[in-house]
Structures are given as structure tokens and as C-alpha cells.
Amino acid sequence: MKAHTKYLWFNTKRHRDYINITPEVEKALKESKIKEGFILVSAMHITAGVYVNDAEPGIIQDIDEMLERLAPYRPDYHHHHGMGSGNGDAHLKNILTHHQVIVPVTDGSLDLGPWQQIYYAEFDGQRKKRVIIKVIGG
Amino acid sequence: MKAHTKYLWFNTKRHRDYINITPEVEKALKESKIKEGFILVSAMHITAGVYVNDAEPGIIQDIDEMLERLAPYRPDYHHHHGMGSGNGDAHLKNILTHHQVIVPVTDGSLDLGPWQQIYYAEFDGQRKKRVIIKVIGG
Amino acid sequence: MKAHTKYLWFNTKRHRDYINITPEVEKALKESKIKEGFILVSAMHITAGVYVNDAEPGIIQDIDEMLERLAPYRPDYHHHHGMGSGNGDAHLKNILTHHQVIVPVTDGSLDLGPWQQIYYAEFDGQRKKRVIIKVIGG
């Protein structure tokens, strides 16, 4: 079994941001020379998410508005008392989106459907954050 | 390391539907002859989900009503402007349920708990959709 | 390819509870002697979740209050008619948090970010429940 590990760094200009990282995941897969296996794409912070959806106009805004509706940015979370960081909503948005996806690798390529793209979702940006990409297989 | 890949096709009669695909996943596992490993079950579309829950009466309706409450079917999503497809809610329901599960494989069987069943959740049906099942292991 | 499987049992005193199981996952990894691979941590029940977040004060309460807001504990779910178990909310909380995570294993250690901890989330406790930990790799 072969394995290949890579880390991506982010430091977004905006507090919340959604970045298509499919090209970076494809690049890590090519470096691994793995033909059959799984590639894990996983946020290493608890205020960010990783998800698969498509790149059509409006979807990012819809996702952002839903997350803001279900876990709004506001100052009265328990987490804020004592921590003072004000990012309680980002922890909850991480729970709702999940922080990772597995992409199947078939014949040396990402085995994604026609519209599937891999996104990094930043919920508490303007600081250094990291994602791990790890491929295992043969 | 061995790998086995299979694709399931769906074309549901209803706009939203929830289908127990545990027998198909078991069948793919038997074909693979893999005894120890992981089996990934992952929707290849961004308007469908895959989850594990049980088959008791009422659960599917409860899940559907919750998803409809959190990401309602309605015509005013950003995604609808310009696309005209009207399936903005399906993209959001995909985010909330997640589009994939990993089932552990132990001694040649799906290592699931007593009530765990694998479901395909269709959020924008009446068209051809696909799920990938991929097993890796030894 | 090597594989190692372990089961954790829980029987929480409280109806809902959130337990940091990172030390148990580390222990299972050490026993496996696997240096590179993936470790799956997955609830074997459909009324519990597994997630990664941090151990800072208040986060557990915030997660619990959000889940209670999105899928409240109450007696009028479809699932309750006929089943009488009253745990319809726990099935929905399981869907929202997801029931599993994959942790990458690099150089014999859990390759987690600085604040990432693995939690078992019990949504219908005071009974025996099980989690599977399975490592595959080399």
C-alpha cells in the first residue's frame, strides 16, 4: 500500500470564504502515482469545513445564507464567555457542513461526478489555516 | 491492496425519495472478495445524499420534514437566478445530510450496528443519477 | 495492507452526552502498529454521532443547543407513532452531525490539527451503545 500526504495553507482575506480546491487535490493525486484508492481532504481546524458541491452561480451564496440562518454569527454563544474569541458560530458551521470528504480514486483520476467540485469553506478566516490531503492505495 | 468499484444508477419516480441500498452494497462487497478494509458509498451528484440510519417506520418522513424545514423547496434561492433549474434546495439538503459514508469491512462483512442501514437520498429526482461504491482492502 | 479493529462501549448516565474519545483512538492506533493510513471512528447506532471539534469551554453546550433548536426533543415525530420509543430527535441529530470521521495517520500518529479532538455524541443514552474504530494502512 502506498501513501502520500500534503498540506494546503490558507489565509483568506474575508472572514468567511469558499474556495474551489479541486485542482490542488488533483495535483496531490498525480504526485502520489496512486491508481486505485481513496483520497481524504480534511480541514485541520475546527472552524472550517470541506464539502463537495458544484461551481454554478449562486450556490455558494445559498450555502452561506443557510449556514448563517442555522448557526448565526452573533456574540451570545457559551463559547464566547471566557474565550473572547467570538467565533462560536464557526464551530457550529463546521459541525453542519462536516470537515472532510473522501474522493474515490479510479484509474489514477478523481472519480467524481460531472458537477462535483471540492470546496474549502472558511468560517473564521484572516488567519493561517491548514487542510490535509492524504491518498492511500496502490 | 485490492480495490473494487461499482456504480449504481437511479431514476426515481418521485422528486424526493429515500432508498435502502444496503443489499446492493453487500453485493458489491461480496464481488470484491475483500475481507478487511473500507467500503465507500458516495453520491456522484450534488443534489443527493447518502446516510446511515434505520428502517423503522416514520424515520424517513421525519428526515424529509426536517430537511424541508432547514432548506425548503422554494423558488427564491440565488442559484435559481440565471440557472432556472429551481433545485437550489437540493444542493443545500446535500450539504446537510452529507453525500457519503464509509462502512468498515470486517471478516468479509459490512461491520454495521444492529439497526444501521445505508440509504440513498434523492433530492432532485426524475432523472438519471449515480452512486459509486468502492471497496479497498485485503 | 494491515488492519486493526476495536469496539468501544458506552452507557452514559445522561440522556445526551458528549465524550472526548481522542485517547481511546490513539490507543487503538498504537496497538495497530500502522504508520501510514486512515483510522475510521464510526458510531454503530443511529441515535449517536461522531465529530471532530475542540475541547474549549462552551462549545459542547453550543453544539447541543443548536441541535436541540434544529431537531428538538419532543413527542410529535412520525417515528413515535407505533414505535413509542420517543427518540425521533436522536435520529435527526445523528443525520445533522454525521456518525463518523476519518482521521489520517501519518508517521504512526493521528494527523490532527492543534485543536482537533474526536468526540462521541450520545443523543439517546442510558443504554449500551457501541463505536467501531478501524485502522487500515501499512
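Per-chain numbering from 1; labels A, B and C assigned in written order.
Throughout what follows, contacts are C-beta pairs under 8 Å (C-beta built on N, C-alpha and C of every residue); 3 or more make two chains touch, one makes a residue touch a chain.
The model shown is predicted, which means the values in this text are computed figures rather than measured ones.
Undergrad: Shared numbers divided by all numbers used: is that above or below half for subunit A and subunit C, i.e. same or different?
TA: Mostly different residues form this interface, as fewer than half of the numbers used are common to both chains.
Undergrad: How big is the rotation, 0 to 180°, that puts the C-alpha atoms of subunit A on those of subunit B, in steps of 5?
TA: 120
Undergrad: Using mean CA coordinates as chain centres, what's the subunit A-subunit C distance in Å?
TA: Taking the average C-alpha coordinate of subunit A and of subunit C, the gap between them is 20 Å.
Undergrad: Which residue numbers or ranges of subunit A touch two or more of the other chains?
TA: Correct list: 1, 38, 70, 96, 98, 102, 136.
Undergrad: Tell me, which parts of subunit A touch subunit C in their complex?
TA: 1, 3, 5, 38, 40, 42-46, 70-71, 77-83, 88, 91-92, 94-96, 98-100, 102, 130, 132, 134, 136
Undergrad: Going by the contact rule at the top, pick out the subunit A residues touching subunit B in the complex.
TA: Touch residues, subunit A against subunit B: 1, 36-38, 51-54, 56-59, 61-63, 65-66, 70, 96-98, 101-102, 104, 106, 111-116, 136-138.
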